[in-house]
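Taking it in order: structure first as C-alpha cells, then the write-up.
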Amino acid sequence: MADTNKNLSRAIYPGTFDPVTNGHLSLIERACHLFDELVVAVSRNAGKHPLLSFEQRLDLMESSLALQEYSCRVKVISFEGLLADLVREQEAAAIVRGLRAVSDFEYEFQMALMNRKLAPDVETVFLMPSLSWVYLSSSIVKDVAANGGDIQDLVPGAVKKALDKKFKAGK
Amino acid sequence: MADTNKNLSRAIYPGTFDPVTNGHLSLIERACHLFDELVVAVSRNAGKHPLLSFEQRLDLMESSLALQEYSCRVKVISFEGLLADLVREQEAAAIVRGLRAVSDFEYEFQMALMNRKLAPDVETVFLMPSLSWVYLSSSIVKDVAANGGDIQDLVPGAVKKALDKKFKAGK
Amino acid sequence: MADTNKNLSRAIYPGTFDPVTNGHLSLIERACHLFDELVVAVSRNAGKHPLLSFEQRLDLMESSLALQEYSCRVKVISFEGLLADLVREQEAAAIVRGLRAVSDFEYEFQMALMNRKLAPDVETVFLMPSLSWVYLSSSIVKDVAANGGDIQDLVPGAVKKALDKKFKAGK
Amino acid sequence: MADTNKNLSRAIYPGTFDPVTNGHLSLIERACHLFDELVVAVSRNAGKHPLLSFEQRLDLMESSLALQEYSCRVKVISFEGLLADLVREQEAAAIVRGLRAVSDFEYEFQMALMNRKLAPDVETVFLMPSLSWVYLSSSIVKDVAANGGDIQDLVPGAVKKALDKKFKAGK
Amino acid sequence: MADTNKNLSRAIYPGTFDPVTNGHLSLIERACHLFDELVVAVSRNAGKHPLLSFEQRLDLMESSLALQEYSCRVKVISFEGLLADLVREQEAAAIVRGLRAVSDFEYEFQMALMNRKLAPDVETVFLMPSLSWVYLSSSIVKDVAANGGDIQDLVPGAVKKALDKKFKAGK
Amino acid sequence: MADTNKNLSRAIYPGTFDPVTNGHLSLIERACHLFDELVVAVSRNAGKHPLLSFEQRLDLMESSLALQEYSCRVKVISFEGLLADLVREQEAAAIVRGLRAVSDFEYEFQMALMNRKLAPDVETVFLMPSLSWVYLSSSIVKDVAANGGDIQDLVPGAVKKALDKKFKAGK
C-alpha cells in the first residue's frame, strides 16, 4: 500500500536542549497534532560550552516528557553528526523547528535550505510556540538562574533542580 | 479507532492567488509530503483591487493543479469569511503558509497568533518555497507582466495567457 | 523652581485609533506609570480610508477610557497637522509609541528621527504592549469583525458594538 | 579594445522621485564616485497616486541636479516599461539602489533577484545614503509638507516651492 | 501623598559599558529629560571576556559623567544578580534601554518581556540614541582601537587613554 | 588627465575567508563586472578561533582564484589593522561586501557607517551573491564538514581537501 508511510508519519525535533524549557515542551505538544511519531533528537555536541553534560540534557528531556501524556508517540534519541543523515536513517518526513523571532527565522531559513540541499525530500516545518513562551530560550533561563532568579514557571521541576544545584555549586 | 483522524490528515492552504504562481504550486507539492489531503482555499475577497476576478483566480488554480500529479489529494474550494471557521468546518489539523522573507514572517506570525486565539486546536505550519521561487510573489509577477516582461518561467501557461490578455486589453 | 515642569511630566500618545483596541488601552495604562499626564491625541486625518469617522474614533476613545481608572491624568484631544507642533503646544516632554514587531520598529524609528529634527528637545519613548496584545492591531480587529469573527476579547464593548453595526449595515 | 566598455562605465539609478529629496541627491553624488556616467531614470508610472505629475517629477530632478557639479556625467531620462529592458538599451553595467532600512533591504533584494533573472549580466549595486538622510523618504517629506511642516533642509528649493504650492492649493 | 513617588521618578540604565561611549552618554542625557533620577548600573559580570575590568568600567563611567552637567540626578552604582531585583531594591519606575537596530530590538524585546514577568510593575522604556551615534557600539570602538584607529570622536578622553594603553601594552 | 583614476577603478573585497566558499568566488566574479581591479584582502586576524591558519586561508584563496578567468584583474593580499587605512593605501574607490540576509545587512550597515567616518571618500558597495549561494556561509560549510557531510558543491576542491584533512585529523 503506497500511503502507509505517510499515514504513519514521523518527524524529528532536533536541538541541544541546554536545558529543555516549557517552550520546547509546548512545541512538542503542538507537533504531536501533526505527526504520528515525534523523534526528539538531543544533540551530543552542544556548541562550545554547554552548561549541562550530554547525559544530563538527555535525562532531563526524558524525565520532563514522562510527566505528561502526548497525543502522538514521542521518542527521545541522542544524535551526532549530520541532521540530514539522521533524517534519512529515521525515515522521517519532516524536521520540526520553532520560530520565535526574526533572528530565529533567518538562521533557521539558512539551515533549512542547507538541509534541503543535503536531503532534498525532507521538509522543514516551522511551528510557533505558545504566545506565553515566545520570550523564552534556554540561554535566558540559564541567565536568570545564574543570577538567582526564580525559573519555576519556565522549566519542568527537574530542570529547576538541576540548575539550582549547578549554580549553587558554582558559588 | 482514536487515530483515524490524524492518519487521514487534512490541511488548508488559504490565499488570494491573484494569480497563482510557480511558487504556490511548489509549496502545494511540498505540503503534500506532510498531509493526506490539502484543501487549497481561494479567497473570494482579495483585498481592495485584485487584478483577476474571483472566478478567474479559482479557474486558474484548478487548471494549474490539473497539469501535475501530486502525492496527496488536492482539493480546491472557494472561501469567504473567517479562516478559523473554515478550518473547523473542514476538520483540518493545520493551516499551511509559505515563508520567504522577514516581512512575510512578521505578518504571518501575527495572523497565526490571531488564528490560534480563534481556533486554539489548529496549528499553523510554515513551509519554505524552493530556493528558486524565493523572490517570487503574485505582485512581482503582475508588475513584470504589466511592463511587458516575460513571465513564462514564473507561472503556469494559463496564467501567462490570462495576464497577457489582461494587459493587452488595457493598452 | 526649575524642576516643576518635569515633576508634572506630560506625554502625548498620538494615533488614528481606527478603532481603539485593548492593546492601546494597555499601553495607556503602562504609560501612566511613567508620566503625570497623558494626552491621547486622536488624529483627524486617518490615512486614506478610515473605517470609522473622526467623531466615532474620538467618542470610542473617550467612552473606553471612562470605563477604567488610570494612575495618571488621561486627556483625549483631537489632532491635526504636525505632531511636532502639537508637542510644543502641549509642552509635552515625550511622545509615547508602542512597539510590537520589527516592521513597527523601523517605521517608528524613521518617524522618531524626523520628529527629533522638527522638535529636538522632545524624546520619543517606546513601550511594549502586554504580551497578550502583541498580535493585536486595529487592522486585524477590523478584518476579524468584517468576516463575522468575535472580537469581544480584543476591544472595549462600545467598539464591538460600533463595528458590528458597521459590518451588518454593509451586508 | 576589450575594456573600453568597462572603463566608460554607466549605471542606472531608477526611481519615481515623487519628489526628489536631498537623500536622492546625496546618493547620486556617491554613485558618481564609482561610475563614469549615471543615468537617472524617472519612472513615468509612479504607482497608484503620485503627488506630482510625471512632468513635474522630471523637471524637479533636472533643476535640482543643475544646482551642483557632480564628479561624473549625470543624465536624466524618462522611463517606462521593464527596468531590465532599459538597462540593456542603455548598455549599463549596473543598477544603483539606496538602502536605508531592513524593509528596504527585503524589497530591494527581491527586485534585484528578479532583475537578475530578466537581465543576468547586470549587477544591482546597493549604496548607503549619508547618515543625515537615513530617515528621509519621499513619503515622509510629503507628509511633513502636507501638515504645514518646514521641509527646507530636506529637499532642494524648487521642490519645496512645488510642494508648498500644491498643499496651499489643496486648502 | 500618593503621587510623591512618581513625581520623584527614578529609572535604571543597566549595562556592561565595556567601555562607555559617546552613544551611552547621549542616551543618559536624553533619559534625564524624562526622569528625576537616573541610576546608571554597571554590571560586574560582563559576559565571557570583557576587555576592561569591572573597576575600570566603573571608574570610566564615573569620570565621563563628571565632565558634563545633566538635567537630572545621575548616580552610578555597581550591579550583580538579577536586574529585576535591582529595580525593586531601587524603587525604580523604569528600565531604560537604547535601541539602534533590528537585532537590538529583538534581544531587548525578549529581555523586557522576561523582566516584566519577574517584576510586573516596572516598564522598560526604549529610547533612540542621537542619529550621529546610531552606528556606535562598545565592540566597534574596541575593534577600531585594537587596529590602531582613532577613537577620539567616539568616546570620552579617559576611555581613549585607557584603550590606547591597553592595546599598546598588548603589542 | 583628471579621470584616469576612476577609469582604472579599484575596489577592495575584505574578509577572513575561513574558508573561501563558492559564494565568495561568485561575488568576486560579480564585482569584476564593476571594477578594473579587485583586491581580495585576507584578514590576518580572523576573530577568536579561526579553523584555518592565516597561511592556509591565503593559500586557499590564491589557488581557488587560479582555477578560473575573471573579467578584471584580481589580486590577493594579506591585511592587518584598519580597513580604512588599507583602502587609502591601495587608493581604492570602494569596499565590496556581500549581502545575504537581514542580519548581514545590519552588521554591514554599521561597519560601512564607521568606515565612512574613518575614510569619508570611500563608498561601500553591497552586492548580492547568486541565488544558489544565498544560504552559504563559511560557518555552515565548516559545520557540515565537521559532521561528515559532503561539501563538494559548496567550495573549491582544495578547500574540501583541507577541511577533510582537518576534520579527520581531529578524530
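Each chain carries a letter (A, B, C, D, E and F) given by its place in the written order, and its residues are counted from 1.
In this section, contacts are C-beta pairs under 8 Å (C-beta built on N, C-alpha and C of every residue); 3 or more make two chains touch, one makes a residue touch a chain.
Please read these numbers as outputs of a predicted model, since none were measured by experiment.
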item	value
Matching chain pair for A-F (criterion: over half of the contact pairs shared, by residue number), options A-C, A-E or D-F	A-E
Chain of greatest Cα-centre distance to chain C	F
Distance between the centres, which are taken as Cα means, of chain D and chain C, whole angstrom	35
Whole-Å separation of chain centres (CA-atom averages), chain D against chain E	39
Residue numbers of chain F (touch at least two other chains)	102-103, 106, 109, 113, 131, 134-135
Pairs of chains, among all present, that meet the touch criterion	A-B, A-C, A-E, A-F, B-C, B-D, B-F, C-D, C-E, D-E, D-F, E-F
Contact footprint of chain C on chain B as seen in their complex	80-82, 84-85, 102-103, 106, 109-111, 113-114, 117-118
List of chain D residues in touch with chain E within their complex	102, 131-132, 134-135
Chain C - residues contacting chain E, complex	3, 6-9, 30, 33-34, 36, 71-72, 93-94, 99, 102, 105-106, 109, 112-113, 116, 121, 123-128, 131
Touching residues (chain side chain C, partner chain B) in the complex	101-103, 134-137, 140, 144, 147-150, 153
